[in-house]
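To start, the structure itself, in structure tokens.
So that you can tell them apart, the chains are marked A, B, C, D and E in the order they are listed, and the count of residues begins at 1 in each.
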Amino acid sequence: MKLIIGFIVLWPLIGFLFNGLGRNIWNKKVIAYKATGYIVMSFIFSILTFLNVQSKGAITVHYFDFINTAGFKIPFDLKVDALSSLFLLVITGVGSLIHLYSTAYMKDEEAPHYARYFAYLNLFVFSMLLLVLGDNYVIMFIGWEGVGLCSYLLIGYWFTNATYNYAAKKAFIMNRIGDLGFLLAIFWLIVKLGTVSYGSVLTAESLAKLSTTDITAITLLLFVGAMGKSAQIPLYTWLPDAMAGPTPVSALIHAATMVTAGIYMITRSNILFSASELTQHVVAIVGISTALLAATIAIKQNDIKKVLAYSTVSQLGYMFLGLGVGAYSGAVFHVITHAFFKALLFLGAGSVIHAMHHEQDIRKMGGLKSKLPITHITFLIGCIAIAGVPPFSGFFSKDEILAAAFAKNPIYWGLGVIGAAMTAFYMFRLYATTFLGQFRGTDEQAHHLHESPSAMTLPLILLAVASAIAGAIGIPALMGGNHWLSHQLVPIIGETKEVALSHSTEWALMGASVGIAISTLLIAINRYKRQADEVPQTALGKFLYNKWYVDELYNAVIVQPLNRFAGFLKEVIEKNIIDGAVNGTGKIVQYSARKIRLVQNGQVGYYILFIVLGIIVLFLCWFNDITITRFFTNLIK
Amino acid sequence: MNTLEILFYALSAFAIVSAVMVLVSKNPIHSVLWLILVFFAISGHYILLNAQFLAIVNIIVYAGAIMVLFLFVIMLMNVKSDKEPQKKMIIKFIGVFSGGSLLTLLIALVKQTTQLEGKQVLMKEGTIGLIHPLGKALFNDYVLPFEISSVLFLSAMVGAVIIGKK
Amino acid sequence: MLLLSTLCIPFIAAIILLFVKHNEKANYVAIASSGVTMALAFNIAYNGAANFDADWILSINARFVLSVDGLAKILVLLTGISFPAILIATSKNEIKNRNQFLSLMLFTQTGLLGVFLAGDALLFYFFWELALIPVYFLCSIWGGEKRIAITFKFFIYTFLGSLFMLIGIILVYSNTPDHSFLIESFKHASLTNGQQLAAFALFFTAFAIKMPIFPLHTWQPDAYEQSPTAVTMVLSAVMVKMGLYGVIRWLMPLFPAAFASHEKFVVVLSLIGVIYASFIAIRQDDVKRLIAYSSIAHIGLMSAAIFTNTTVGMQGVFIQLFSHGINVLGLWIIADVIEQQTGTRSMNTLGGLAKKQPTLAILLVGFAFANIALPLTNAFVGEFLMFNAIFQFNPWMAAFAGVSVVLAAIYTLNMVQKVAYGNVSDATNLMQAPNKSAQFVLIVLLSIVFVTGVYPQVLFNITSDTLQQLFVK
Amino acid sequence: MNAIIVSTLLGVIMMFVSWGTSSQKLQRNIGLVGMLILIAANVAQLNGWLSVNFDTKGMLAFNPIGLFVNTILFLITFIYLWINGEELDKIGKHTADYYAIFFFILCGVSILTSFNNLLMLFIGIEILSIPLYILTGADKKNLFSNEASLKYFLMGSFSTGILLLGIAFIYGATGSFHLTMPVLNPVNKMPVQHFLMSAGLLLLFVSMNFKVSAAPFHFWTPDVYDGAPTVFTPFMATVVKAAGFVAFIKVFEVQRIAIGYTTWIIILPFVIISTLLVGNITAVFQRSVKRMLAYSSIAQAGFMLFALYGNSIFNNEALILYIVAYSLATIGVFAVLIKMKDYSIESFNGLAKQYPVLAFLTTLFLFSLAGIPLTAGFFAKYYMLNAIFTAGAGIWLLIIAILFAAVSVYYYFKVVQAMYFVDGTPAIHSIEKNYERKLWVIAIILLVLGVFPGLLFNYLYF
Amino acid sequence: MPIQYYIFFCLTLFSIGVVGVLTRRNAIIVFMCIELMLNAVNLLLVAFSKMHNGTALQLMPGSTAGIDAQIFVFFIMVVAAAEVSVGLAIIVMMYRNTHSVDINFLNRLKN
């Protein structure tokens, strides 16, 4: 077992080294096969592990001591339990599909860069696996920063483009801010508990050791980390920009896996979070407000990937809402389903973009329904799934979260439903403008329009199926299902408290949300199936179109002032004050030199006069023996 | 007030006056002559103190040899009295002032010296000033310095040669 | 004996070099000697070495004592590794009178090794200065256009600092029971509180200037910028460690009371320096200055960690002493290759390195991320432990210092972006065939970065024993 | 005793050599041989092999330290003459006479290292000074030389006046010229407060300060060192000054308590600090290396004055080491300087290119003056600081000292920079290998003492 | 005759000498003033010698205490003579070159 688990992590690493070092050696075929093959391998191993966990329960394996010194040690342990094994499947599964997809999508790149791309991708999978498999927060943190690195590298994959690099940098730095919080939380744990292994931290007795302030602080700091990684307010702005990366990357990293790391981390440490009322409220509020904010923005975006990006942010908001209201299983459920349908949507978008020769503006599309049948169908399924229309997967997961939210506080539910409605609206706005109506692009684009190769469509189909049926793993008791997932997660999150709602209310809520969702999506369809919407004129429209001017705000309030501050330090403090003091001393010496030497004026008369005066001074010194010497002796003694 | 005291005061006054004259007289030659008078006065003091040997030597060496040497040199360069420029008044004043303050300091200090209270100087008695004991002392205890001072003269001689030779 | 030979080999080689006029031969001699030194250094680090003890100056009872503890081992190892690396990496550079250059370099190495090995205060001071003087000449002769004034400032600054230390040595020496300079008898010196405070201040001034700690740092960026890069490497990879070494080996054990009473002061000072330097680094356009300021920030963090006076922090520092040396060395070598080939250090005129020389760009990215302490690089281990220590010391300070983590990311990525990415600029276009020897060194260093980053125990094992001794109170 | 007699005899002999032979080379060699004889004679007495002794009636008292200093100073003089021999000939036609004068001066030196009576102090100082007036003025056609010698003479004799007044006061107080222990108050073991005595000692202090050119009595130094023929300056700045210091210490190591300890620890730091200040600060601005060295010699004197701070074996060690380090380095630097066409710093530009060895040697000498490790100068300074600290000086004094040491680095290194880092053609006369070899001797001594300063004292103890 | 009187008198002469040195510009006069100082000291020494001699005689008749001061004076005269010879030689040399003995013109060496 130890080996298998080890190799789940190692395969992608091998792939990374293989492609990274051999980037000038192998031809694209080899690269593609190897890269995908390694991920598939670790997918297979993951399945084995999963089954093993199913049968035998959680496993922790120790490899070596990462840090073992000065009385505290951080072992390099990996742990597979229900939660991580699920994530394993998602990561490696979706991962391998996306690798497959990429082989075709990236085929225009020349070999070395092709290799680089897959190397990054493999490295990402490696770090992600480390993140979910680590048995303590430090290993998690290693993966945590690792994925950040890979997302940086992949967003900036086309490195000659300055804006892409800027986006990459932005992503990394914002993640870093979050990571700082995470790091501080880890230190706090170390100081209080002396260990960071889940096994010893996430237990009742260690919980007892911590005061409420400790718990609140730790959880909040952890949440800051999650904010960064999972693009929550206020650290969400990097994710839309991250769409600069190749589309498969957006699908894998910025939709399916990396961005859900925050959810994984919080679910992992749910004991802590449940113990702090305050934090839960914060999480919930941040989550829901992110969901709404992103949704409103998504309504007015015209870049196909931007829309998806904001919808991702919004969906992540839902997950955090779920976490905030204690519906951990719901959150995880949504993670899984979202992984499927959002990956699907991105890949679909990718296929569209591929067909449109890297045209991303939906206003120049339209009527692709006939040209790209498979893409169209799968995309539609994705949209329905995300819109939360039964019986597609999105419905179940979202509904579970909403139900829990209602139980916690109806306002959450209300907002959630509004968000759901907007989701349905912008998704179908996107769908309609892209696939319905007639084609609005240039003729030669129209001439080249064609369905993508099978390497791209196959993942689409598989993911479509998955996002259609994935709901099955969490059919609520209400519908006669026995929520398999929540039973799965019992060892992690304990028995889900029975949602204290009568069935009738549940049905009512469900109906309401579904009804609203469907009606809005219909509105969206017939509003946009004819024409795309123009550059907005209304104030509100502009406001949304410009993403609430958040980037501008950050720039004005944070970036510029800091920049100016740095400039002030460099130009004024450093140059004039600190260095000035040093040089000033030298100047003083030279000045006094110029003055003192004038005493030596060449006149014997003066010299002798000075001698006489010197004698007088000495005598005076000695006369005032009594007075002066007291002073000096005190000085010397 | 016996004759000794009278002599003492007279000589002192005379010495001081002529010393001052050395400073104030414009013409260098006059200064030399005044200085010679000072030396005479001092020799007079020596005689008062019954140090005849020193008195004679003082007359011979200083008033005789040294001062004549000065005189020669001055005449040799015949520095005109009117030619000699004066220092600025302020400088002079500072000079006088600092000299005066030095004097006051020293005097104040001597006044404070308790050990000197009532110490008398032996006038016109005592034999130590005479040639006989001096000679004894010089060639017994002080023979080494006496010899070594010859080195001084030798070096001075060499020096004079080096400097003086064209 | 081993220690003595470690000291002598570079010294003798330096003297020989003065008479080897031929450039290539000179290179071989220098590299060979530094290679042997490295081998010995490894031997010392992992097998230890017996003390060397001989009479030196009887009249004041100063002895020629060489000894190693874990700390010294780490630094000797660093010195041993960095010198061949530097010499090989810069072996292609255009240097007039190469043999004199190399010989001075090796003299510097002698001085550095001496500082780390000396077990006698006077000897320590002696080598302390000896390490400085060759650097003065190296910088002033082979440096940039403003070299003379800048190097002179650097020299006077550090020289004055070390003179303070000299007074401190006199102060302690005259209070030692057996009037000797041995570190043991220094530890047992009977000092009144006032004296201890004074001595602490005197020693600390010297070390603080050397490290340097804000606000005594202004000599450093200029010196780094103006000196030939090979020397800059020595300065920032090894020489700044002298200050930290001094603090741990001499300041801490000698004046525990004064040390304890000044922890907060120094920690705060250092952390201010960290943030300050990071901010300034953001605004730098010159690659060398940027690295210089980032190095100031890192050093500041280390000194802060030392003064938290915690085992964890100290362990972190031990690791970081080594790691920072390796990382900054890598960065300098890259900067040097770029400057050599493009003739400029201004980041705005660079760009597109990844297209022109992919390998170098990859190495640059690697070291850049090591510089910002990404996990699984060596720096992470050290910084993790050090931040941990600062957090134990005072959470708020840790949070404050943590800002530097973000700032480091900002300026380092700025550099990477401007140098490596974007379209190929005219300057970058001038780059010819990649500098193989430099790349070889870089690859070796990078592998060290990752090996020690993934399995830091290799370094922990060296220092663990010293750590215990340091904290048996 | 040997030294005094032999040096006198040699002096006399040299006076007549110039009649015997007109070949300057021969005269020079006779002089050098004479030096060797002198050294041998002194060493003979130091080791008690052979010494002419008769009752000096307490005028002189010979102790190992004094004789040892004698030896050192003679050796330094020998090296000085050995290196500067040719240059000496260039000043007038009086080689033999110069040697005679040197021997007379050395006679004065050996008196000053062994006097036990203020009369001998007086005579010794005069024997030391009067020939120097002459040497300063030896370059007769050179107005600077003349001016220097006249200034030196006037101020020198003025300070003699002060010295004599001081001696008179002391005599008035004690009734004797011998350096006896001052009368102690039986109660508190402190000397009885005797104002006349103290005043006398103060005046003595002043004139001794004048001789060792300590501020504010230093004014003659820069002008005289600058104006005097370059070949003589190092001798004045080293041997003579060193002798002055030895005499200074001999007087005050016993008598200082008679001034009153508290007074002492006011006036001495006052003098020391002002000396360091004037010397170092003023040297910073000089363009002429010769004049810069003159000021630096004032600064070094300030450092040597520390030896008076306390009286312990450390002080003597420190002073001896300092004398050796400082004298040799100064002689070395001047030996290079004398080869320069003009003495401006610019004339050193690019010396390292043309004469690498010479440049290296000069650097070494300057390092020693600046007190950089590996040279004797470092240990000289170290011993000095250590000595005064043991003598109970406050740290503040040490800090002031090192601050000025740092300043001194500033101006010494200006020359180094000129030689190494500034391009240009040095304004220097051609140097033959032999000359460099001679300088190597100094350099090696400095280096050896810079690593093993103990060698110097082992002679004293073992 | 009390010793103070002699001391005061000698000090006065001495100070006059000092003042002369400070106020006159003619090198020779300056030198003469210095000689004046020396003479003042001589007289002071003799006075002291007689003082000590006086006190000694009261204890033990025929004592020659204080004689050394007079010897000292003798030596001072000797030295003074030597000094004068050299000094005047220097002054003459100076005069040869500059045709002046004005010390205010001795300012080629300065700063």
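Annotations
Note that in this section a contact is a pair of C-beta atoms (placed from the backbone, for glycine too) under 8 Å apart; a residue touches a chain by one contact, two chains touch by 3 or more.
Keep in mind it's a predicted model, so treat the numbers as computed, not measured.
Identification of common neighbours of chain A and chain B yields D, E. Of all chains, the one whose Cα centroid sits at the greatest distance from that of chain B is A.
Summed over C-beta pairs in contact, the chain pair with the top total is B-E.
Rounded to whole angstrom units, the spacing between the C-alpha centres of chain A and chain D is 78. Note on chain placement: the centre of chain B and the centre of chain C lie 72 Å apart, centres being C-alpha means. Look at where the CA atoms of chain A average out and do the same for chain C: the two points lie 36 Å apart.
With centres taken as mean Cα positions, chain E sits 5 Å from chain B. Counting partner chains per residue, chain D has residues 119, 123, 126, 130, 133-134, 137, 140, 150-151, 154, 158, 172, 199, 222-223, 410 touching two or more of them. Of all residues in chain B, those touching 2 or more other chains are 87, 91, 94-95, 98-99, 102, 106, 109-110, 116, 141-142, 145, 149, 152, 156, 159, 163, listed in ascending order. Among the residues of chain E, those touching two or more other chains are numbered 3, 7, 14, 17-18, 21-22, 25, 30-31, 49, 51, 65-66, 68, 71, 75, 79, 82-83, 86, 90-91, 93, 103-104, 106, 108-110. Interchain contacts (touch definition given at top) occur between A-B, A-C, A-D, A-E, B-D, B-E, C-D, D-E. By the touch criterion given at the top, residues 153, 157, 215, 217-219, 276, 279-280, 282-284, 311-312, 314-315, 352, 354-355, 358, 369, 374-376, 380-381, 384-385, 387-388, 391-392, 395, 398-399, 402-403, 405-406, 409-410, 413-414, 417, 420-423, 455-457, 460, 464, 467 of chain C touch chain A in their complex.
Against chain E, the residues of chain B that register as touching in their complex are 4-5, 8, 12, 15-16, 19-20, 22-23, 28, 31-32, 35, 38-39, 42, 45-46, 49-51, 53-54, 57-58, 61-62, 65-66, 69-70, 73-74, 76-77, 79, 84-87, 91-92, 94-96, 98-100, 102-103, 106-107, 110-111, 116, 118-123, 126-129, 133-134, 137-138, 141-142, 145, 149, 152-153, 156-157, 159-160, 163-164.
Per the touch definition, chain E reaches chain D in the complex via residues 3, 7, 14, 17, 21, 27, 30-31, 34, 37-38, 40-41, 44-45, 48-49, 51-52, 65-66, 68-69, 71-72, 75-76, 79, 82-83, 86-87, 90-91, 93-94, 97-98, 103, 106, 108-110. Within the complex formed with chain A, the residues of chain B that make contact are 87, 91, 94-95, 98-99, 101-102, 105, 109.
The touching residues of chain A, counted against chain B in their complex, run 605, 609, 612-613, 615-616, 619-620, 623.
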